Amino acid sequence: MKNKPTVGEILQAKGVSRRGFLKYCATTASLLALPPAMIPRIAKAIESARRPSVIWLSFQECTGCTESLTRSAAPTVEGLIFDAISLDYHHTLQAASGEQAEAARHAAMEENEGGYLVLVDGSIPMGNPGFSTIAGISNHDMLMETVAGAAAVVSIGTCAAFGGIPGADPNPTGAVSVQDLVKDKPIVNVPGCPPIPMVMTAVLTQFLTFGQLPEVDKFRRPLAFFGQTIHDRCYRRPFYEQGKFADSFDDEGAKAGWCLYKLGCKGPTTYNACATAKWNQGTSFPIESGHPCLGCSEPGFWDKGGFYEPLSTGKFGSGAKVAGAAAAGIAMGVIAAAAGRSRQAKFTKEG
Amino acid sequence: MTTVDGRHELDREAERLAYKPPEVRHDKQGDMDSEDRINKAMHNFVKNFNTQTASYLDGCLHCGMCADACHFHVRTDDPRYTPIWKIELFKRTYKRQVSPFAFFYRLLGLKRHVTIEDLEEWQHLLYDSCTVCGRCSLVCPMGIDVAGLISMARHGMFKAGLIPHELHEVAKRAAETGSPLGITPDKFEDRVEWMADEHEVEIPMDVEQADVLAVMSSIEIQKYPESIAATAKILNAAGESWTFRTDGFEATNFGMLSGNPDWQKDATMKLIDAAVKIGAKMIVLPECGHAYMALRWQGANMYGKPLPFKVLHISEYMADALDKGKIKVRKVDKSVTYHDPCQVSRRGGATQAARDVIGHLGVDFREMEYGGDYNWCCGGGGGVVTIKRADSLRHRVFKLKMDQVEKTEADQLLSSCANCRQSFDDSQQHFSWDYTMGSLMEMVAENLEEDNS
Amino acid sequence: MTSLDNIGIQVEAVHGNVRPILNEVLHALDKLIANNETTIIDLAGLPFAPGELDELEETLGQGELSAQLDALGSSRIQETTYPGVWWIEHRNAHDEVVGRYLEITRIPEILSSQDADVCAGRARLGEQFE
Amino acid sequence: MDLLEFARGPALEWAAYILVAGTIWRIVGIVLLKEKPDYSEPRKPAGFGAALKVIWTRAFTAEPFAKATLYPKMMAYVMHIGLFGVIFLFTPHIVFFEGWTGLDWPGLPNSIIFFLGVATVVSAVALLVRRLTNPVLKLISNFDDYFSWFVSTLPVVTGLLIPVRIGLRYEDLLAVHILSVVLLLIWLPFGKLGHTFLVFVTRGTTGMVFERRGAKT
């Protein structure tokens, strides 16, 4: 870490003015969901922060998370963050391949022993090591080897955080999440399918600027972004309170932009920042486009029933089971009545 | 433990049907041990559970509103007089023995076993402090007929030999002699002849074939013999083919009141047999409330099939006869209020009949506040009037009735139940009250227009 | 396209945010007057309904002063019709909005020439005399 | 499986089975007891109509008892109407029933539901206080009364807490709410809450028996 320039130095080298830096700090505060009053502290921290080394591992995944990140990482302000980190290994993005790439990973690990950050997207198959390998190394082995010297691990996306789609029932590969395997390192989960790019960069920025991981909830998700439900921050919430609901995707309620609860919206049980951070450079988020929230940032979201099944729908067994219960009831009733009658008969005889 | 009937003499001076106060109370009959009594009570509670009672006992919400309908609770504020509490032991036995979840109640011991102390305490609650008036049955938000349950609970108490001394003696005498006051057929004949002479009215007796069998209550025969004459006058005036029978004259049913279904059946069958024997098309019941319940609504069930004749309370008979013009009455220039006998009106469904009769009499009729179906009971029904130790409680309760009557400021108080009448007479004496209870039937008989006879 | 246009979408307006923000601005102005205290309201964290942000901007209106800053993309610093209330909008090089603030202050800090830039400028100017 | 999944899934499912089985058990156990025929000559024909009549009329207090029972009756009305409202007119609940029965009906705004819920709890507490202080109720009450009060009030309380949050997470509160409903459903057929279905039997029976006599029902 000794020779790495500070972020302030990097920005200066790029000819960024102090005004530009202030602007950068203001947007960083926004990004970290910190109050604007924190801007001076952020400025100070960023100026002196040094580039951390980052190793990005991709396992059973669809590259959607990387897509999400790189889409937003076009030269934007938060894109600068990535200029400020040293992405030493990312097998989708890196030019190197094969042994050369693995050598780069080992080099980064050795050089930054104890100080580098491991980002993981994708789940790890435990059913058979051969289900997913990189350079002949199983995902499990690579993960364990890489995190051994890491300062912290960030699980990017629902697959890495909770097992995600590979881990969904019936889970043919025996997929598990990073936190299922890594027990002795600080872990932050940034779930979502994909996660909001801003949230990913915010976690890195936080680590970069303050040298620490953000405060997390019980699922190790950064509280600043996962502290409230979609429902709580949804602009359609007033319609929920007024009892105005869309009953189908093409009814008047849907056209009027009413609440999508009855169409299966998982907003009330989903913790994420979509309603405020929004997607596609702040354009909108699913509900704003008229589609209910799928709840993608929640553990086991794939197995929580139909996407269009309302949250409060009970999960009843088949009619046959209910009929079985009814039949059992009849049987018990008959037995009870017979027992009662036989006692009556007995007592009548005894007088 | 055994009680000997003979030692207890009728108190003929009392204002009501009674024995002289027993020197030593025997509120337990027979010489069963406690265990036997408990078993008897339980077994005979259990016999009564059927779909109807089960739904009632399972349905109670413990809302306590029946307490607000019960005169005993209203006047004393004693929570034990809450009607549903009076059948607590009955209810508990149901839950333990026959209810759909009886198995669990027994397995987990959820309902305490009934003890002998419980039964002794409940004797007071089931007999002294309940007239089976059924007011509670009308307040119940679940529609539970609490009064009906009390009658059934008494079955267990009787078989366990846990009846108040006097009530048991009265019932026993009724079973043995055919009359709670020991009125034999001969004595009945005497009284009838006396009345026939006194009133110069023809009273058919033991006619072989008649359309109408008229019956009497011992209370009337003994205390209000004018009723005999009045009945005869009315039936004669209507031109009925009718008769009294020495083999079936007693309308009261102390088997029912005390809780002995066998005695109840015996008493009822006497009337039915007599009516069947003479080919009667109708039994006219006297001014007696519980007789109406016993024969009109329970008679056929004792008989085991529909009765081959109609059963009418005298008020129903009079209303019908007046409506059809079979008898006519003169207008009476009086203000009158009417006390509804619970078993005839509220529980019997003949509330309107008395009012029709009163309408024909053309009096200034003053309905009591909440009269008719919601009437306060006289306090002496259900056998309570016989129980001496219940006197003070009964008098206390009677205050409600006095208030109700006084508010009408009517000249004349009438009813159509000899048992109510004797309760009134007794309480009147106790309170030195102005109102004397009169008989609706007698008023009709006194005011018959002769041209029709 | 025509068939899509025929879908009669008429979004029912939600006005959950405008009034509370205006109220916050009111109190911020009080603080500015009393203690010369600056307040910055970050509009990014608020769940705006479609059109609500425009409504807020229209309500505040455009005041006398408007400035444009070119640093890491353009920024618009606009005084609203309520003096002391500034609408600040930062954009990136792709002209996408990356931050939106209401600043209740006499002059937004970012409009002042910064010491570091002044020094750097002084140095550049000084070079001409060398 | 998290708590909410458990509550919505197996817990609710089994509660439904127990509710169905227990209800039928109790009804069949009562109906199949011996039934004595009534041979007395009816004053007027009284069949199903009489039963329906009394099922309806006993919902109201006869005037002579109105004053004495005013307070508990009012509280009971508030509680029952409140329960009806919060159970059947709250949209998420309607969605629940729709998923179950396929029937859909309009709901009420949440503010009204919240008000109804609070009214329900207030009346329930008032009734409990009465049960604890009124000498009659103190005497006749048993475990069933208090437990039934508890399990029927709890879902309303847990339901009301969901929007209030009290620092807990929505899905945990929802899970607790559903579990409290599970408790209610399991207990309902066995205790005095069985009056939800027994009321039709008891009132109906009395209607038929007394209407037949022409007596006051």
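Just so it is clear, A, B, C and D label the chains in written order, and each chain counts residues from 1 on its own.
Here is the rule we use: a contact is a pair of C-beta atoms (placed from the backbone, for glycine too) under 8 Å apart; a residue touches a chain by one contact, two chains touch by 3 or more.
Just so it is clear, the structure is predicted and the values come from calculations on it, not from any experiment.
When you average the Cα atoms of each chain and compare centres, the chain farthest from chain C turns out to be B.
Relative to the whole-protein C-alpha centroid, the nearest chain centroid is that of D. With each centre defined as the average position of its C-alpha atoms, the distance from chain A to chain D rounds to 42 Å. Inter-chain centre distance (chain C to chain D, centres taken as mean C-alpha positions): 57 Å. For this pair, chain A with chain C, the centres built from the Cα atoms lie 31 Å apart. Averaging C-alpha coordinates per chain places the centre of chain A 80 Å away from that of chain B.
Shown for chain D are the residues in touch with two or more other chains, namely 25-26, 28-34.
For chain A, residues that reach two or more other chains under the stated contact definition are 332-333, 336-337, 340, 344.
In chain B, the residues that reach two or more other chains under the touch definition are 49, 98-101. Screening every pair of chains for touch gives A-B, A-C, A-D, B-D. Of all residues in chain A, only 16-20, 22-24, 26-27, 29-30, 33, 35-37, 39, 74-78, 80, 233-239, 244, 255-258, 275-277, 281-282, 284, 288 touch chain C in the complex they form. The residues of chain A lying in touch with chain D in their complex are 229, 231-232, 240-243, 245, 247, 261-262, 268-269, 299-300, 304, 309-317, 321-322, 324-326, 328-330, 332-334, 336-338, 340-341, 344.
Listing the residues of chain A that touch chain B in their complex gives 332-333, 336-337, 339-340, 343-344, 347-348, 350-351.
Those residues of chain B lying in contact with chain A across their complex are 39-40, 42-44, 46-47, 49, 97-103, 159.
Across the complex, chain D meets chain B through its residues 25-26, 28-41, 43, 54, 58-59, 61-65, 68-69, 72-73, 76, 134-145, 190, 192, 194-195, 198-199, 201-207, 209-210, 213-217.
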